[in-house]
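Next come two complexes built around chain A: one with chain B, the other with chain C.
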Partner chain A sequence: MAKELYDGIYSSHKTVFIEKIEKNLGFYLKDHILEIKKLGQELLCAIRLSDLDDVCQELNKNPEFDINILNSVSHYKSRNKHCLLIDLSSVSNNFSMLLKVVMPLPGDAETSQIMQLFESSISVLKKTFEAAEFFSERKNLQEDSSDIIIQAQQIDGLDCFDLYLSTEEDMIKKAFIDTGIARVSSKELHKNTVLPDVLSCISRYDHSAGLFPELCICLSFEELMQLKVPRRVQYIRMLLSELYRVSSHLYFVSRIAKIIGAELVYNLVLLERERALRLIELITGSRISPNFIRIGGVKNDLNADKIKAARETIEILYRKVRNIEALLLDNSVISAKLKNRGSVDRETALLCGVTGPNLRACGARYDIRKNRNLLLYKDMSFIIALGKYGDCLDRVLVRFREIYQSIKIIDQAVNDLPEEHIKKLINLSDLAIPFTEMISSVECPHGVFKIFMEIQDELIQNIIVLSPSKNSVYLAERILPDSRFEDVELILASLDINSGELIS
Partner chain B sequence: MRSLVKNNLNIIVAGFGCCKQEILATTGPTYDISRFGVNFVSVPEEADVLVIQGFYNEIGEERLLEIYSRMKKPKWVIATGKCIVDRCLLNEDYNFTERLGKIINVDFYVPGCPPRPEAFIYAVLRLLEAGQ
Partner chain C sequence: MLIIFKKVIYIYLILGLNIYFCSYFLSKISARTELRRGYVAARAGGFGRPFASIFKYMSKEHRLSVWEMLLFFFSFFIWTVIPFSQSLIIIKFDFDIIAVILFYLVLVFLIIINACSSSYGFIYNNFSRKILMMFTFFIPLLFCIASIVLISRTLNLKEIVGSQYQYWNIIFQPLGFIAAVTSVVMQLKMLGLTGKNPILYSETAEKEGAGFGRLVNRTAEYSIMFFLIVIIVLLYLAGWERFFLINGNVMFGIKFYVVFFLLLFIDKATPKLNDFYYLKSVNFKFVIPISVINFLLTMVFFILRNIYNLI
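Our next item is the complex of A and B:
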């Protein structure tokens, strides 16, 4: 049994590459780094706050690393120590790493002291990564200096932030997005909770594709235990991931159609989304929050009826979505409404740390389904959909193309589903893990969704969700200036900001 | 007045969360809530029914109370989802009934996490029946 459980980590061509990066880090930064850990396909480096500037400069300028993206900065308390978690990635070298900066503060330090040190760390980071300013306490456009204040609206996706705009006639000069209304989760959330409790509610971090947070947590545990997951399970996971991607992208198209006034398309898209959701419900038993992925497996196997239903549904979906695309984008009036609105160049998108379809719409080829050994995507034949100009039209087009690619993956997964008996690999009540850190990332419909966890015995000590929508919010602030006021709603909707990802 | 409301019920949805996806799914052709004379509006003065769902912090609560006070009488409230009916999933200290239960009088609770679109439509239909 033990041999079956621990007969090796997934074979990966990326593993060798990550090990090389790990060696290089040890060589170039040996005086600054306290500890380097390879956690699955991610790297975690612990450093002191005093070394932050040197380390950032080296990581940015050394061509061996070429780290040019700052994805997020978060503060957390680990074992009576205050720490900063900095998420960095390199598009040219196709890898990402986390910097854990240990702050020289006692465990019971006051909030003002922590904030002061946090702000000083951000100012150090700002020298290398411009995006760091988004994670500081910003007071650049308060209520009194802005002409227009748009409070959180009723439209889904635009309901989790307030928008402050400074305008001249109908052109926007400055924009500021306040996500204060969305920060609802408590600091002590998930502290000392058991894993099944966390797994059952983690899907709320992504409202439109609830499977991905669950998948992320389970993948990190599987990496930690070096658990070999059956191929059939991997195929079922891929099938469901792509179904959720289709459903999320269709919901995105429905929002765009509603904003530009294409009522017919809005209705047709919701009809197709319902078709995808019904298939998801047939397989998982739930529409929005599946609670389906388990460590080392999934909740239920697929039987012949479900496979038949999946086959029938994707056939109809492909045909109908083709029609919807033609109806929406062959219409010159609608295309003109989307074209040249909210254009982003590749450099700006990278600077803001945006990932996912929003980045790919600018022409950057970065998709961790291809770049890393995620699930069994290497067995699947699909292409990364890319845009060119990074405007609203490209963002819609990229999502349509991703839907076709997802349908292609589902088709392959259903046809090549391995015949295998799935048995229970692990009993959660037997878990007794010494204190350890875990990172895992998945390509969710909005970008790279990453979870950092600390666990001791069977209790989870910390969970930090590093979500892509925060970077999309920052990008929105960058591109709204020099746009027309009438396009604000369209530009914000086209960035597909998910309210669930902003709650932590 | 009652018959007017019965034939043209305006709903405003406050907050954000997973329930909103299911509530707004009712506007699509599969469920088509508008066949019962129900519309979704974004101006509190025009709304007859306030739907409370999702997650709230102090800022969100202020907004919710403002929307409720701006709504004209007669007004009804539907609370949907576990986060409102019971305790908030992402903040166990937050209990809607304890905090705002005395200020906002909830007429219908729709349980579920999130409730299905049919459950929401059922609550609206019960409300319309009660209005008669």
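Our next item is the complex of A and C:
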């Protein structure tokens, strides 16, 4: 009781920190910033295209911001204006922000004009952030690096991009990944749709862990409406998130086992994933696209049977996954295959804007479950799994450790589940929402999954999915050179690139 | 002439039966170890499955290349010089172990030529690497054979088996046995015999069609596998020598299937070996040194016993 009262009166240290950053931004960049907003634990700064260079230099060089990572750049049209959305983050200061760059173009500008301006702004960004080149038009690379072309669907599970390789004997000299095959305009797809429609199909952006996009959208609405979500709901959400994390990581391990040729491990892992999926199905009624999270709550409460099933399942899961890990990694042949393949150092991973287990495998401690007050993870006891060398072996090990930590969190969530009634869910049609921008992020199994939305009168104007897999693709392009052709499949699979996320 | 014809029929009947049993067990055990249902779904009907596969392959249209035909015939020629028992051998001559080695090398060479028929550059590259690795994995086997020849003081396989009437060579040559088995396991892994697709067809099957050629290739592969197993049984496990009251021919069959299942389980317990750098390091840092040490020890033993009469 006292704790709840305290939380209600005082802001968390993270919120205070974000407010401080907001003030600093206002102080240092007052001549350049058109508008600055604090949306939850994210910041949104609107600037002009002409000020982009100065703003980037300031954000990069000023130690109070120390922004050195560019996560993504995307173009969208907002209220008859063309804008660029630049996602930036700082690992040392532990915060992220979005730059909304208003382009000096009329609403009905031609595509060529937009592309020209887009390219010029990318070239400006390149001065400060090396990763910006990934978001520019790169057709010339495609023509250069075509000794070997591996088209989509030729490699199991990697059916969302074409791979162009230039090789010297069996060593790769240059690599280019074309994700054009997977690109569908999500902005147009969800334009002028109501939220329930979006919620029911948003899980397509992450087919291996469909809960996270739903959670992301609902969190942003809750932040907008300043809703106090019941603790029981938060616990159920955490339980499901971790179950999906386990399922996704097991899917990852199965792919690695398949590529290595460990058929037994492959089949065993899929059996355990099936166990996790059955529990998910019991709780949500669905396996891949749960459609379970609602604004301010969840679809169904957990009854005694479901809690009992969860307890039994995680106990078996823990034992079985331990066995699978021993089978897979105690084998010297397999360890030798994974070791020193596709090594990434911490700096390269940060430069490419990679998040999630791929970043943690390089030794960078960055997990927004701990760093921000996401759901109620602060109540849970768990550690962030870290690797050291950033090779394929570390990526597999980190995921195994994350599975154990997730099982630990599920166990705590099940045991400490508060006895509380889930309140009535919010009906959006009762509310008149003015034009609003929303951002929210969650730690999905592949990294930090972020959604930027614009909404007006219960109709969604824009949805931009800022997914971690795009950065993993960029990282793959960086690490494939100087590795052997035989390892291509393994390296790509070890980065856990999700085809659903590349759609956006 | 009639005797030779009878022997040929006997040998190929034995080979055919063994191919049938081995393919049945291979599928059954592979399915079990990979947690698939496999032939369980067909129950007793599973016994007829290899026949059904043969008819299926035969009924599909496929153009056979010259190399495939040559490979098929050579894989059977190799059995003309390998003895199955004291009397069951088609061509008798004193240096048959050299002929066996030459036949095997020709067989491996034919596999390379056959791989050239693929129109895919990368697959050809991959195949040729595999085959070259197979040649290098044959080096330790050659050293082991040389050691056995030194202690038996003969180049005839029948005499080598006869020299083991008291003690099997595995007792005198444990290091050699380890090296030989490792070499054979590696060669079988490279051939991909226990996988769903055989080596010759593994990567081209879906692209270039499967039919009678697949049957031919599969038979050739089984022939290679049997050759490697029989070589181990003859050199180290005393071939058809009787074991107490058990008949020699029965013992030969038992030893053959023991080695077959041993190789099968080792194969299933280890992952796919397509990393040539790893294979190279295993071969040159482990298998070849062991076989060389074994050969040198045997040589020293041979010199001390036969030249200086010290042992």
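For the reader, a short list of remarks on this structure follows.
The rule we apply is simple: the second predicted complex is superposed on the first by the 481 of 504 C-alpha atoms of A that agree within 3 Å, B and C clash if a C-alpha of one lies under 4 Å from a C-alpha of the other, contacts with A are read in each partner's own complex, and residues count from 1 in each chain.
Quick note on the criterion: contacts are C-beta pairs under 8 Å (C-beta built on N, C-alpha and C of every residue); 3 or more make two chains touch, one makes a residue touch a chain.
As the structure is a prediction and not an experimental result, all values here were calculated from the model.
Of the two partner chains placed by the overlay, neither chain B nor chain C lies in contact with A:E315.
By the touch criterion stated above, A:Y251 is placed in contact with chain B alone, chain C being left untouched.
In the superposition on chain A, A:I148 makes contact with chain C only, not with chain B. Of the two partner chains, chain B is the only one touched by A:C201; chain C is not. Of the two partner chains placed around the shared chain by superposition, chain B and chain C are both touched by A:N267. Counting the residues of chain A that each partner touches, chain B and chain C differ, and the larger count belongs to B.
Contacts of A:I334 after superposition: chain C is touched, whereas chain B is not reached. Within the superposed three-chain model, A:E110 lies out of touch with both chain B and chain C [touch as defined at top].
Shared-chain residue A:E19: touches no atom of chain B or chain C. In the superposition on chain A, the residues of chain A contacted by chain B and by chain C overlap at 267-268, 271.
Of all the residues in chain A, the ones that touch chain B in their complex are 151-156, 159-160, 180-186, 189, 201, 204, 207-208, 210, 251, 254, 267-268, 270-271, 273-274, 287-289, 499-500, 503. Interface of chain A with chain C (complex): residues 148, 260-264, 266-268, 271, 331, 333-334, 336-337, 484, 486.
Residue ranges of chain C in contact with chain A, taken from their complex: 33-36, 122, 268, 270-278.
Contact residues of chain B toward chain A in the complex are 12-13, 15-18, 20-22, 24-25, 27-30, 40, 42, 55-57, 59-60, 63, 88-94, 113-114, 116.
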